[in-house]
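Each of the next two complexes has chain A plus one more chain, namely chain B in the first and chain C in the second.
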Partner chain A sequence: MSDQAKIIALHGGLILLLFALQFVLPAYHHGNLARIMVLASYAIGYNILFGYTGLLSLGHALFFAAGMYGMALSIHHLEWAPAPALLAGLVAGILVSGTLALLALRTTGVAFMIVTLMFAQAGYLTVLYFGEYTRGDEGFVIQQAQRMLWGVDLSDPVNRYFAAWGLLTVCFLAALWLVRHPFGRTLIAIRENEERVRMLGYNTFAHKLTAMMISGTIAAAAGAFYGLLFGYAGASFATVQYSIFPLLWVLLGGAGTVLGPFIGTLFMFYLIDLSSGITTAYMLIAGVALVALTLFAPQGLVGELRRRFWGWLP
Partner chain B sequence: MTKQIKDTSRRGALKTLAGGVAGAATMPLWARYAQAQTSEPIKIGFQVHRTGIGAAYGRWYGRTTEAAAKLINDNGGINGRMVEIVAEDDGTDPKRGAEVVEKFANQHGCDVGFGTLFSHVVIGSAPRAGELKLPYFVVSEGHHVASGMLNRYTLQPGITDVKSQVQAMAPYVASNLGKKVTMIFPDFAFGHDHRDFFTAAIEAQGGEVLEHIAIPPTETSFTKYFPKIPRETEVLYHVMVGPAVLTFVKELGEFFGPSRPEMFGFIDSLEAVDIASPGLEYLEGTYFWEGNPRHAQADQSDHDKAFRAAVGVNDRGASISDPADVSTYAHMFGCWETLHVIKAGMEASGYQGPGDRAALIEAVEGMTDMPESLAHPQGAKVFNGKTHQVFGHQYISKVEGGTLKRVHTTSIEDTLYPDETDYTTQSF
Partner chain C sequence: MTTCLLKTRGLTKHFGGLVAVEGVDFELQQGQVRALIGPNGAGKTTLVGMISGRISPTSGMVEFDGQNVTRLPAHKRIMAGMAYTFQITSVFVNLSAGENVALAARRRLNGTEADKAVRKSLDRLGLLDRIDQEAGELSYGHQRLLEIAMGLVQNPRLLILDEPTQGLSDGEIADFKLLVRELAGETTVLLIEHNMSVVMETADEVTVLNFGEVLAEGTPLAIREDQTVQSAYLGTS
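Showing the complex of A and B:
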């Protein structure tokens, strides 16, 4: 089997498996997987910037929240239908990520982390400041009647699952296509040695700008879907911990792998879910798992698979 | 022959095994219903803030809930069945809160969900409770239930909401402390509720708010905000939540010195904090709203005495085993009372299992008067079935010698406002 065929079989197989699981999973895990698929889409977006371009952002919650509020505010205040509202979320993501990219990409390394972190914090405080419209930290409910997408009730578990699956499939395939495309290869080259790429005549700024906008827009799409599928938008999704989560998911799953973000999100979700049943210090268990993984599998779960067995993994 | 029998039996065993597995897979569903009327406990999912910003509240909500469940079980349970509290930590986070509600409904098979305090967790979780058709009894004091934002499955029958609390304070403030008020509040939804509701209520009493001073949530020092307090201020209304409250009080003392205006605050700032802590001396002679008087009063009711004893709280509102562990006394009675409302609702509707959830909600919606009793130790209450919100007495206490002494009890009528929604028009 050629590498190409293996890649198609593995990634296509996962998509089909997730589709099939809809019909067999018990209710609790069915609901969890719908959540995980939306969050994994967020991680896929994050991975494009962090895993493939080598830019560590600590401000992706800003994009996630931009998508969520772009969608939710247009439903709540403008009474838009879900389809244009989702589009509004995407546009908000493009605008916010584009603007932040123009400012933050003037810096590199630690300064880039700090600038993105500060802008995300400013975004969070903006949500609180305009509490009259956003209901601040309390947030607001998107009512069931407002969640009818082309006559399909997104609060229904089956519809929600398929919507989440659809989002993940699009993000997953887009990421797979992107990283095998010359543009994606250039991003990887920038990650490995930006100076050399520039010397070869590439406009690295334009590449990084585009990567950040794609990454931010996918994050915004995930935010918009999350709000719509689960009926709530609130400022807690703009806090710094929602910038850290995708970093953890990607690190756990394997930065710079297409499968990694999904595996990392799945692993972390169930790690917290199961360990919270044992102890209140479940974040400690998550922390220990992360430290252990960093020590013994520094490239994450899928990264380790690639290193040991499947060198062809994209 | 022997071989044939062996073959047959192996195949037969496999068939039996397969049939058994298939049967076992369906078993929990019917087994639960078959047993429901007899021995299975009633499972109450307790969504608790064990970690995160609400942890101090969560600890005491937990102790109160366990004490109430023990009392109910000691008296024969609900409809002859024991009550089992299934606690899950929500991390005081709305995302995790919604996941916990799913856990209650789909994993633990709980009959109802209960106990959430922080408004953002309630608002994040309630849509899922509605979709999963899980009766969700919150103990949050937020206005979200009565405002109509949530759904028919969400009720707040054990604690009053912030709108009624705040508006009930205005008559006392205006006639005893002063009519020119300056408000200091945190610049997020909880503070905005105080700003909006109290401003309207004091104007209705012929008073006015001279200045609204919103403090950003990340602030750690407050001195720079105090010059904004107008000189003619008669009453300073403050509601600061979080660890910065000690700094706030200290800096306020340094700013005003001995010639301060009257001060009125919400005890929310000082829940789980000893009022006699060093640094809080400046609060001497000031007034507080209390949902339930923390320090045992001279005319303490027998119900309050029994409630304290059951939860393990002394006359100062601190843990009997550790006097430094101060309770969240103004709020935690809500868990006790809510569990008793659930019990009353289940008994009135003859609740047997999840199939009777709608009947349970209708039974609670049908409730009106809740007289003061061991089930309602904080005081008498009136439940509004349309808005799913309970109304009750509020208390105003004055700090005298480091003790909160009750100086005023509002009537229930003071806390009422026109209905903003009617959940009974929503289908199940």
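Showing the complex of A and C:
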């Protein structure tokens, strides 16, 4: 089999498997997986910037929350239908990520991390400041009646699963296409050696700007879907915790791999889920597992797989 | 009459109090192979850095192909037809040799045309059989050649080579000389070089820099006979 065929078989196989699982999973895991698929989409977005372009952002919660509130506020206050509300979430993501990119990309390295962190924190405080509209920490529920997308009730577990699956499929295929496209390959080269790319005649600033906007928009899409599918929007999604999560998922799964974000999200979700069933000190077990993984598979699960066996993994 | 491809006027760079390059007026005719020589620290890399846009000058002007490019960012100068190869090998070590060259080729070609150009360029440097090998696995000499392949594939009007033969074997240097002579008819080459046999055998003209200023300019033979050049190199007066 050619590498191309293997890539299609593996990634297509995963998409089909996730589709089929819908019919066999017990209710509890069924609900979990829907959540994981939305969060994995968020991680896929994060990976475009961190794993492929080599820019470590600590402020992606800002984009996730921009998508979530762009969607939720237009439903809550403007009584929009879910479809235009989702679109509003996406537009919010594009605008916020574009603006932050213009400011933050003037810096590099640690300064970039700090700037993204600070802007995300400012975003969180903005949500609290306008508590009259956002209900701050408490958040607000999106009623079942407001979650009818083209006559489909998204609060129903089956529909919710399909919507999450649809989002993941789109993000997953988009990422797979992007990183094999010349534009994506230039991003990888920027990660490896930006100065050299510049001296080959590429406008690296424009490339990084575009990468950050793609990354932020995918994160916003995930945020908008998360709010819509699970019927809630709250300030906790704008906290620094939600900036760290995708970083952890991507690191565990394998930065700079297309499969990594999904595998990492799945792994971490069930790691916490299972260990909290054993002890109340579940974070300890999760922590030890994370340390072990960092020691023995520093490139993440999929990264390690690529290093040892499947050199062709994109 | 030959046309002037590159011209600098009063090009100057100060790093803090240190004068790296001072008031350099430099002209390069189209189709010429020009060697830039000088003792360590003479400002050669800084000068080509300002020409290619990597370093912004303190004062002075750079003109490329009749256009003032002093304010143009590096990537636009590259797009205008300059190609720059690094003194310190700067290939993408985690990418294949083919992808390294393809990144350079894709600025102006795409699809199968880019593939063809990549193979041709690698073949010209004798690296075609290593197209799928990771650049980091190549020997130092091969990485130097890969740098040159990345420059060539851009089909540049001006090819700037910063100490390309550093670390090459004698056989590779002989091949390199042939290559530069071949290029002489196709493009303009600006070559920073320490190896005098390369300078003598490939360059049409030589510019000597010393303490950031042009010390002498002329044919390789004339330069070799020049007393001031000899004293600059040998440190006698």
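Definition applied: the second predicted complex is superposed on the first by the 314 of 314 C-alpha atoms of A that agree within 3 Å, B and C clash if a C-alpha of one lies under 4 Å from a C-alpha of the other, contacts with A are read in each partner's own complex, and residues count from 1 in each chain.
Note that a contact is a pair of C-beta atoms (placed from the backbone, for glycine too) under 8 Å apart; a residue touches a chain by one contact, two chains touch by 3 or more.
The shown structure was predicted, so the numbers you read here are calculated from the model rather than taken from an experiment.
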item	value
Superposition on chain A - do chain B and chain C clash or fit	fit
First (chain B), second (chain C), both or neither touched by A:Asp3	neither
Touched partner set for A:Gly31, first chain B, second chain C, both or neither	first
Partner chain(s) touched by A:Met283 [first = chain B, second = chain C, both, neither]	first
Chain A as apex of chain B and chain C, Cα-centre angle in degrees (nearest 10)	150
Which superposed partner A:Gly231 touches (first chain B, second chain C, both, neither)	first
Residue contacts with chain A in the superposition, chain B compared against chain C	B
Chain B versus chain C as contact partner of A:Gly131, first or second or both or neither	first
Contacts of A:Ile188 with chain B and chain C, given as first, second, both or neither	second
Partner chain in contact with A:Gly139 - chain B first, chain C second, else both or neither	first
Smallest separation in angstrom, by C-alpha atoms, between chain B and chain C in the superposition	39
Set of chain A residues, in rising order, touched by both chain B and chain C	none
Complex contact set, residues of chain A against chain C	182, 185-186, 188-189, 192-193, 195-204
Chain B residues within the chain A interface of the complex	50-51, 88-89, 93-95, 98-99, 102-103, 105-107, 119-120, 123-124, 126-128, 130-131, 142, 144, 149-151, 187-190, 192, 216-218
Residues of chain C touching chain A in the complex	52, 54, 73-76, 78-79, 84, 86, 90-95, 99, 102-104, 106-107, 110, 150, 154
Touch list for chain A against partner chain B, complex	26-28, 31-32, 35, 125, 128-129, 131-132, 135-142, 144, 155, 157, 230-232, 234-237, 273, 276-277, 280, 282-283
